[in-house]
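First chain A sits with chain B, and in the next complex the same chain sits with chain C.
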Partner chain A sequence: MITAGIDIGSLSSKAVILKDGQIFGRALTPTGADSVQTAGRVMQEVLDKTGLSFKDINFIVSTGYGRVLVPFAQRNVSEISCHAKGSSWFFPSVRTILDMGGQDCKAIRCDATGKVTNFVMNDKCAAGAGRSMEVMADLLQIPLADLGRESLNTVRGEQDISTTCVVFARSEVIGYLHQGVPANDILGGLCEALASRVYALLKRVGVEEDLVISGGIAKNIGVVRRIEQKLGINAKIAYEPQIVGALGAAVFAREILAKIMPG
Partner chain B sequence: MKSLETMRRYVREPQLLINGYRALGKKIIGYRCLYVPEEIIHAAGMVPYPLFGGPEPISLADSYLQPYICEFIRNVFDRALEGKLKFLDGLVLCNTCDAVRKMYDHWRTYIKTHLCYIINNPQETYSNHAYSYYYIELQNFRLEMENFSGQKITDENLARSISLYNETRSLLKKAYLLRKQDPAALSGAETLDMVMAAMIMPKEEANTLIRDVLKEAGNRVDRRQNSGPRILITGSIIDQPALIRLVEEMGGMVAADDLCTTSRYFWQEVKGDNPMDALCLYATQRCLCPCMHPAEKRLAHLQELIREFAVEGVIYFNIKYCDPFIFEGVMFKEVLEKTGIPVMVLEAGHDLSGIGQLKTRVQAFIEMLW
Partner chain C sequence: MIGLGIDVGSLATKALILKDDQILAWSVKPTDISRKSIPAAVDDVLKRTGLRLNEIENIISTGIGKKEVSYATGTLSEVSCAVRGTAFLFTGVRTVVDIGGQNCRAIRCDGDGGVIDFALNDKCAAGTGIFLTSMAKALEVDIGEMGQLSRQSTMEVNITSMCVVFAESEVVTLIHRSVPKADIIRGLHKSIAMRVNGLVHSIGLESRVAVVGGVAKNDGVVSCLEELFKQKVFVPGEPQLVCALGAAAAAMKRGGAN
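Up next is the complex of A and B:
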């Protein structure tokens, strides 16, 4: 049985192919202005990598912000359900998921089967999400991938960032740069601010171990360490945290197929 | 359904009704919120007209009010500034939330209707002194309405108005109860249209149409087959069916709702021999919003709806930024979830901007209940 999950996120799109219960292929590409086109592109990419063709895939589930814009998906499932399902596939002991994506952030609770039991999502605002980190990386001229590590090496300590809005925080950061505050201290403050916000979000659903962090920001060690410190627990992170949603969609596809296929 | 189509048309084109009122030479009195006794206005030969927001984005009101002020009130105020509420002869407000109370001052300063009145109803509704205070407040209101209309309000007229409005209430409740069945003869979005129409229509005509709705619903063949989770939506005002429709499109069954534009308008009837006493008593017995005390009474009502309509999950809808509901939502979510009913607090602007994220939340909530 071969199924696929496609996650059209606000910043990046992912595809996962699941074959006989194993991840057979995965792809990740930036989401363009045209979600339909992006969906086709990421799907083609994963097919090319696996040497499969469209007709080999038995069922496709889409998820993410652009989930209704995937013309070849048979079903769409919300990214909240998919992140729980995908996290549970990686770590069956998971009971709390923190998904930090490009545009929003979700704290999710689930049961032993990966079914959602409660969730909260941040407001319509990119603060505390991947987009804010991209903006700051660009402003501070530090590669996105190094941001977390650098934020842990502060010179004089974390610089407090008082605003939560990305646009205003950007002006605040420019002000600090002009005052000669080291970039690492500003990064430390940004990661701290982000960690505080998601900590409050997690508190609203309550944290039960194990905690899994998924989404692009799970790759930012500066944010992850600070969240772990606040909670006093260690988080589990998949080897590729950005594909958790797409994987969850592929698992849903497999479950749906198992239900509708005779025998 | 033809009757429903007619009612929906009035909601979309209220000007049809306004022209009718004008042709009869009636004064139209806008009001907010539900604690304003419509019967007193009606008994003075005038038309009580509840104010709703419009679909247009807020523009002029933004020069007066910051974006963190209740989006519903800003929308209504914007419509007034734009001249869209010029058909109103007067406005009656009451003592509910800060936004409504302060709109009174803004209205007097910037809109200048012939009449702008605020009823100082007590927010605590259960004590004897609240009752006697409210009685005097209503007497003053009655005098004010007599003066403004130039028509004496006799007890007989008031009793007649009460009985007309009670009929509307009881008919609306009958139609509302249709959703106890599954599949239901009326959807949540249709119920909202029906109630909103009844609120702005002449009650005689509304009553006839609701009777028709009840008749036609009985023989309805196009009722929606639904085995999705049964959901209760509670919140302040939903004056466009988009959110309810979204829940229904995502596979949820909006089995019940507790809103200023649905059940809070008609759940109880005004009862008692002396009409003024009956109106005072009604204020102590009716369904409350979170502006009023005690909160336990509201919670008990929600729990009764959850039981009666076999509700499986609650969507707690906050219009940005409705303080009373924001405070209450935190408590109610915790209390209801302890009884095994999942609650999702959903915050959105009056125009439901950012519907993409709303959709994700609603879909995930329904997937969770399924």
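Up next is the complex of A and C:
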């Protein structure tokens, strides 16, 4: 049985192929202006990697912001459900999921089967989403992938950031740079601010171990460490945190297929 | 009696001189990090009147940088200055909406320069001037043209993102989809007006209403506000000078009593 999951996110699109219960292939590509085209592109990419052709795929489920814009998907499932399902596939012991993408942040609780029991999310304000880190990486001229590590190597300690809004924080950071505050200290303050906002969201839903962190932010060790510190627990992180949603969609595809085609 | 009002805002520094209830001159200079905007605006306004700084009895500063004016004889809050400036221009105004570059204030007042209650948004850039500045950049239009362009709108467009950062991406997506700029701009004006309306209703809307601050120069935003307020509003000819005017009026009233 071969199924696929397609996750059309706000900034990047992901595809996963699941074959006999194993991840057989995965692909990641930036989401362009045309989501339909992006969906086709990421699907082709994963097919190329696995040497499969489109007709080999038995069932396709889409998820993410653009989940209704995947013309070849047979079903679409919300990203909340897919993240819980995907996290549970990686770590069956998961009960709380923190998923932060470019444009939103979700704190999700699930049961032993990966079924969602409760969730809260922020999709209104960039200050509580991954986009804030992108804006700052751009401003500080530091690659996004290095931000987290650099933020843990402060020179004089974290520089407190007093504004919440990303637009205002950007001006505040420019001010600190003019005053000669080291970039690492500013990064420390920015990661701390983001971690505080995430912590507040997690508190609202209640944290039960194990906690899994997924989405792009899981790659930012500076934010992850600070969240762990606030909670006093260690988080589990999938080896490829950005594909968790797409994986969840592929797992759903497998479950749906098993139901409609028993045996 | 002569009074000088200086409003050091986040984006622009304004100076205005009043003499016996007459506006003698005013000047607007962009605020910069090096603080040169204050001497630039003050020198300019003095040159226009032929006055020297020591001939002015009272100087009142206001705005986010009001403490930067070392020679000011007093300072006043932005809220107080907005209300005093409005009272100087219009009688009987009970609600003043001041939309500046990086904040927005809704003020309930007694119609005679006194403040009753106010609400302030300085936490979130949505619903402030910077929202329009960012969007004008994304749309590659001049911010001064936005009001006029929005009048050519023929189709309703709703901007679903509240956050400036997210709205910027939304606007780029709309441009890619070939949605006419006029319709996008009209949607943006509605968005900012809805945010401001929320702030105004948190203190209660009372007639007569004045809209001041730099954003009031955009008649597209003003007309969206009028729709939401269900009434016409007063807008001064130079809305961004109202706080400087309020400061100058307060300075003039104090006369020589230092």
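In the analysis below, the second predicted complex is superposed on the first by the 260 of 263 C-alpha atoms of A that agree within 3 Å, B and C clash if a C-alpha of one lies under 4 Å from a C-alpha of the other, contacts with A are read in each partner's own complex, and residues count from 1 in each chain.
We adopt the following convention: contacts are C-beta pairs under 8 Å (C-beta built on N, C-alpha and C of every residue); 3 or more make two chains touch, one makes a residue touch a chain.
Keep in mind the model is a prediction, meaning the values are calculated, not measured.
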Combined model on chain A where chain B meets chain C, clash or fit: clash
Contacts of A:Val46 with chain B and chain C, given as first, second, both or neither: neither
Touching partner for A:Arg131 - first (chain B), second (chain C), both, neither: second
Touching partner for A:Ala246 - first (chain B), second (chain C), both, neither: neither
Touching partner for A:Phe119 - first (chain B), second (chain C), both, neither: first
Partner chain(s) touched by A:Ile80 [first = chain B, second = chain C, both, neither]: first
Touched partner set for A:Gly175, first chain B, second chain C, both or neither: second
Which of chain B and chain C A:Thr164 touches, first, second, both or neither: second
Chain B versus chain C as contact partner of A:Ile217, first or second or both or neither: neither
Which of chain B and chain C A:Tyr65 touches, first, second, both or neither: first
Clash-bearing segment of chain B relative to chain C, given 63-71, 189-197, 315-323 or 333-341: 63-71
Doubly contacted residues of chain A, that is, touched by chain B and again by chain C: 124
Residues of chain A touching chain B in the complex: 65, 77-81, 104, 115-121, 123-124
Touching residues on chain B, where the partner in the complex is chain A: 337, 342, 345, 347, 353-354, 356-357, 360-361, 363-364, 367-368
Residues of chain A touching chain C in the complex: 10, 33-34, 103, 124-126, 131-132, 135, 163-168, 175, 178
Contacting residues of chain C [partner chain A, same complex]: 33, 102, 123-125, 130, 134, 162-166, 169, 172-173, 176-177
